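Next, two complexes with chain A in common: one pairs it with chain B, the other with chain C.
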Partner chain A sequence: MNGEKRTRTRLTRRHRQELYGWAYILPGMVVLTVFCILPIFMTLYYSFTDYNLAQAPEFIAFSNYVKVFTNTQLRKALVNTVIYVIITVPLQTIVSLLAASFLANFLNSRYGKFLRGVIFIPILVSYVAAAAVWRIIYNSKGGILNQIIGVFGLDSVNWLGDAGTALICVAVVAVWKSAGYFMVIFYAGIMNISVEVKEAAIIDGATPRQRFWYITVPILKPITYMVVTLGVIWSFQAFDLVYKLTGGGPGFATTTIAYVIYSYAFQDRRIGYACAIAILLLLVILAIHLVEQQFFKEED
Partner chain B sequence: MKKLLALVLAAVLLAGVLAGCGASGSSSGGSTSQGSAQPAEPTELTLWLPVYQFGDGPSDEEFWTGQLASFEEENNCTINLEILSWTDYVTTIYTGLLSGDGPDVVYTTEVYDLIAADLLAPLDEYITDEDRENYIYLDQAAYNEEGQMCTLPMMVGNACVMYFNMDILEAAGITELPTTWDELFDVCKAIKESNPDVWPFIQPWGASNGTSALMTGFWPYFFQAGGTVLDENGELNMDSEATLEALNFIKRMKDEGIFDDSITSMDDPPGKFVSGEAAIIVAGTGNASTFTENGVNWQSVLSMEGPAGLGTKIAVNSLGIANYCEDKELAAKLIKYLTSGPVMDAYHSEVYGMASVTKDATYEEPEPFQSMYAEHSDVMYVVPAFEGSTSFENTMMQNIQLMLTGSLTPEEVIDETMTYYNEQIKS
Partner chain C sequence: MVKSDTRTLRFWIGTVLVTLFAVLCVAPLIYMVLVSFTDSPTLYISWSDIDFTDFSNYVYLFVSRDFARPLLNSVIVVVLGCILVNLVSCTMAYGFEKKPIRGKGLLFNIVLATMMIPTQVVFISLFVMMRQLDLMNTYIALVIPLIGAFGVFLMRQFIHGVPDELMEAAEIDGCSELGIFLRIVLPMVKPAVITLTVFTFNSAWNSFMWPLICTTKSEMYPLTVAMSTLTSYFETNYGPTMAAATVSFSVPFILYCFLQKEFVEGIALGGLKG
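Moving on to the complex of A and B:
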């Protein structure tokens, strides 16, 4: 009798614990489902319709996807986006890693803290404000950058109005904006490296460069993986800076996939078509992420 | 106890989330019309208007609430007024109208899709012969395929006129304003020679969207070249000689050094004009007060004389009635009241000055614009609603940018734009 009671009590407690578990995660799950998972399925659904805000969506099968593959603007946007990713991701990863390493190893003082704060500030600035400031810096007539290169006797450059420089200029702002964030992540990783490992390397006669390459970089690999993953995702979603700095121009020189999606969805109100592009973008990012995951796994 | 507390907190949070979701769904219905979900009260209408008060006068809400009081009393009805910001205005009215839970009477700027989707009610039966005589711009209203009028013009004006900074022109020895395209080129060259640091003439080819760029950068020259946006069948008619003439005009500005390379990043011509960095621009008549307030010594003309004569773009925004509105007669009465002479006179004086839309209105735009509207309304053209107009304008702008950077010829701009329009935009 007692044993039976004990079993019942134990089961009840387990159930109660399960209930607590569900109760704890339920709010988060609801938020996640409503604001993240559901929109993905809605986007998928709309991508097979001709939804344009003015009339109820009508199923048109793969028409949007067929159009996507013959869209020359989109092809240009895809090329621009890939170039943008190739410029920004390695650059922001390397810059933030070097900055974090320098601050952790050589400037771990109050000056270092101040510098860390300064490098982190851009992440606190909104994209709109950042773009407004950088438009002044890049201004072709009297802009700060042209004044600087003018000191060296160089001619003014039409930074944002020239197809050859516009995308690079946008990428530079993106790196400036996000490097501080990644630097803090790297910095935290470096500070977590065991002092014993560092001391052992010093005793073994490793130079600072060797310590960086053979201790810091390998230990930071999981963090680097995260930084690269986030960098790729963010860069594929590049929109705000493009919108405020160049509006996708000149011509199609800085038109990115995310900008095209915005333009089709909210300027042209071709919601169904924009959703088809968004789904393809999602697939591209997933594919890159899988390749990246494989790469880091093999490296390990 | 701690677990219990945590459970209660989690439940409260969940309830909050669910309540929040519920509230967002119901608020649009509650704050707009009681239209489709529940049959609207016959004497209750929802009216959506955008913000136009950008100065120190009474707010739009104050103004309209005051004006609507007498209408409500006279017609024993309640008008639920909502003043919307311009941010996502078009998206807001589209979603409102499509949901059936939006406005009964709405101010519209882009109507093609609304009419194509049959969201706006035809107004013909409510417009009397007397009204037809009184309303000046009925030709500029939006019509459906059956030729029924679906909107009534409310705000007409902001014609794109050419402004000259007379201090810069006089410093360049120019005493007479140009009147033709060729004379404009001569004046620009003289300004450039006299003051190389000043833009003789600028256009917004670094704008963030095609509608803004083409408004002052392309359409005026297109109309001066005799262009018509749609042909007699209502099809887009941009593969034309007039388009080519207008593009050649823009290209010539670049080729002759009047525009420098940075024209493709130029997004604020009025700002350059105000700061004295530009001598000539095309801008809406609404910009004049800003120029005056900033001490610019300006003069203006309606347009240059192009190959086909004078011509410029004018804006026409209108009021429409939602098809789901249950008391269309009252709604029609409301839009006629809103656009009536006395109401619009007060609106133009207190909130936002524009050309009068009815003959019984007495408001006059400041000179020289009043004379322009009075004498040249026949050469002020509207860009009519057509399928995918925004996409078309964006594509056109981007291809013109490519022309200005030397990547496309004017013929290729037309070809690329029309190919894209026919293959990707037009259904």
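Moving on to the complex of A and C:
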């Protein structure tokens, strides 16, 4: 009798706790389902339709995807995006690793702390503001960059207006904006390397360069991989900078995949087609994530 | 620590290079502030063109271009966003971490999986949805994409560290369920709440693509979109553009000066959402 009563109260307690649990997660679950998960499936559905907002979506199976492979503008955008990734990712990774490594190992002073604080500042700027400033810096008529190279007797360059330099210039701004961010991550990782390891290396007579290559770099491998993965994913989705710095031009010289998706969906109202491209972008990014997961499995 | 070789030539070269890098990081922003205090129609600016007592570009922004409205919009979006994100993240994380919900592992993984989705995939259909729900040009539309799985993920890791014994003891002492959440759990994860708030603040204040999509009326523009229309409008009038950029930058910058540690943690952790 007594025991039975105890089981009952324990059961109801568990039920009550589960009910409380649902009360906590349900409101958030509903918001996330409606505004985050549902749109993903809507996009998947629209990618098989012809939809321009004015008329109801019309099912056209894989036509959008077939069109993707014959779209020369998109092919150009893909090439640009890959070039953009190839410029930004190694540059920001190397710059931030070197800066973090030096600051952590040799300049762990008040001045070093100040420098870290300063290097972080570009993160706080919006891409729109950053683009506005850099447009002026890159300006072909009297921009400060042209004034500086003018001092060395070089001719002015139309940095953003020349198809040969525009994409590189956009990439430089991206690196400027995010190097400090990756530096903070590397710095935290280096500070986690135990003092014993470092001291042992010094006692064994390792030079700073050896210590960098044989201790810092291997220990930071997982962090480096994360920085690279993040960098690749961000650069694959580059939009704000391209939109405000060059508008994808000159011609299609700086058009990226994210920019194409934006202009198809929101300027041309070709929702279905844009959705198909977005789904392909998703697949590319999922592939990157899978590689990343594989890597972390190895680490464990 | 590494005393033996700190004063070598290599040390000085390194210091100079890192200093140079730091200068390159802030030089464009100093330039931005300087240009905002000139009224030069060309970019050949000399020091005599810069007048720090001349706020005419700022006055022009706020008087003629009505920049107070986008500034207010951005503040509203940031405040609403931070409140909503924290509310959703803390409650969900607490439920997922501390409550015996059947199938919560699967549910949580579904929530986590949304972090890998590129924003473009969500934004197109969210835009269609907002049009159909007649929510275009509303604060709700501006705030909604700020809510995401990242906050839940972050808070859950911190709530994991709250000992169950403490919550049980509170329950035995007659503390109500809501009381345990509000008076035991939340105070213990306060650093995480600050981190999440800073991260949400920075992404909300600087967000551009979604506001560009979901606002069509200028009175609903946040600062970034208002600035964007300004730069398109004034291709050659640099002063007002740089004044707008300075206004937009100054808010996170001032907060950063006071909350440097929280900013670095919030944004560094935040980026892990990918």
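Going forward, the second predicted complex is superposed on the first by the 250 of 300 C-alpha atoms of A that agree within 3 Å, B and C clash if a C-alpha of one lies under 4 Å from a C-alpha of the other, contacts with A are read in each partner's own complex, and residues count from 1 in each chain.
The definition used in the following text is that a contact is a pair of C-beta atoms (placed from the backbone, for glycine too) under 8 Å apart; a residue touches a chain by one contact, two chains touch by 3 or more.
None of these values were measured; they are calculated from a predicted model.
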If we overlay the two complexes on their shared chain A, which of chain B and chain C does A:266 touch? Say first, second, both or neither. both
Considering only touches as defined above, state whether A:185 meets chain B (first), chain C (second), both or neither. second
Applying the document's definition of touch, where does A:141 land relative to chain B and chain C: first, second, both, or neither? both
By residue count, which of the two partners contacts chain A more extensively, chain B or chain C? C
Going by the contact rule set out at the top, does A:20 touch chain B (first), chain C (second), both, or neither? both
Can A:46 be said to touch chain B (first), chain C (second), both, or neither? second
Thinking of the overlay built on chain A, is A:251 touched by chain B (first), by chain C (second), by both, or by neither? first
Chain A residues contacting chain B in one complex and chain C in the other 20, 23-24, 27, 31, 53, 141, 243-244, 266
Chain A - residues contacting chain B, complex: 20, 23-24, 26-27, 30-31, 34, 50, 52-56, 67, 70-73, 140-141, 158-163, 243-244, 246-252, 255, 263-264, 266-270
Touching residues of chain B toward chain A in the complex: what are they? 3, 6-7, 10-11, 13-14, 17-18, 21, 88, 90-91, 94-95, 97-98, 113-114, 116-117, 119, 205-209, 260-267, 277, 388, 390-391, 394-395, 397-399, 401-402, 404-405, 407, 420, 423-425, 427
Residue ranges of chain C touching chain A (in the complex, touch as defined): 1-2, 4-6, 10-11, 14-15, 17-19, 21-22, 24-26, 28-29, 31-32, 35, 42-44, 88-89, 91-92, 94-96, 98-102, 104, 107, 110-111, 114, 116-129, 131, 144-145, 147-149, 152, 177, 181, 202, 205-206, 208-209, 212-213, 223-225, 227-228, 231, 238, 241-242, 244-245, 248-249, 252-253, 256, 260, 263-264, 267-268, 271-272, 274
For chain A, which residues are in contact with chain C within the complex? 14, 17-18, 20-25, 27-29, 31-32, 35-40, 42-43, 46, 53, 95, 99, 102-103, 105-108, 115, 117-137, 139, 141-144, 147, 176, 179-181, 184-185, 188, 195, 198, 202, 208, 226, 229-230, 233, 236-237, 239-240, 243-244, 258, 261-262, 265-266, 271, 274-275, 278-279, 281-282, 285-286, 289
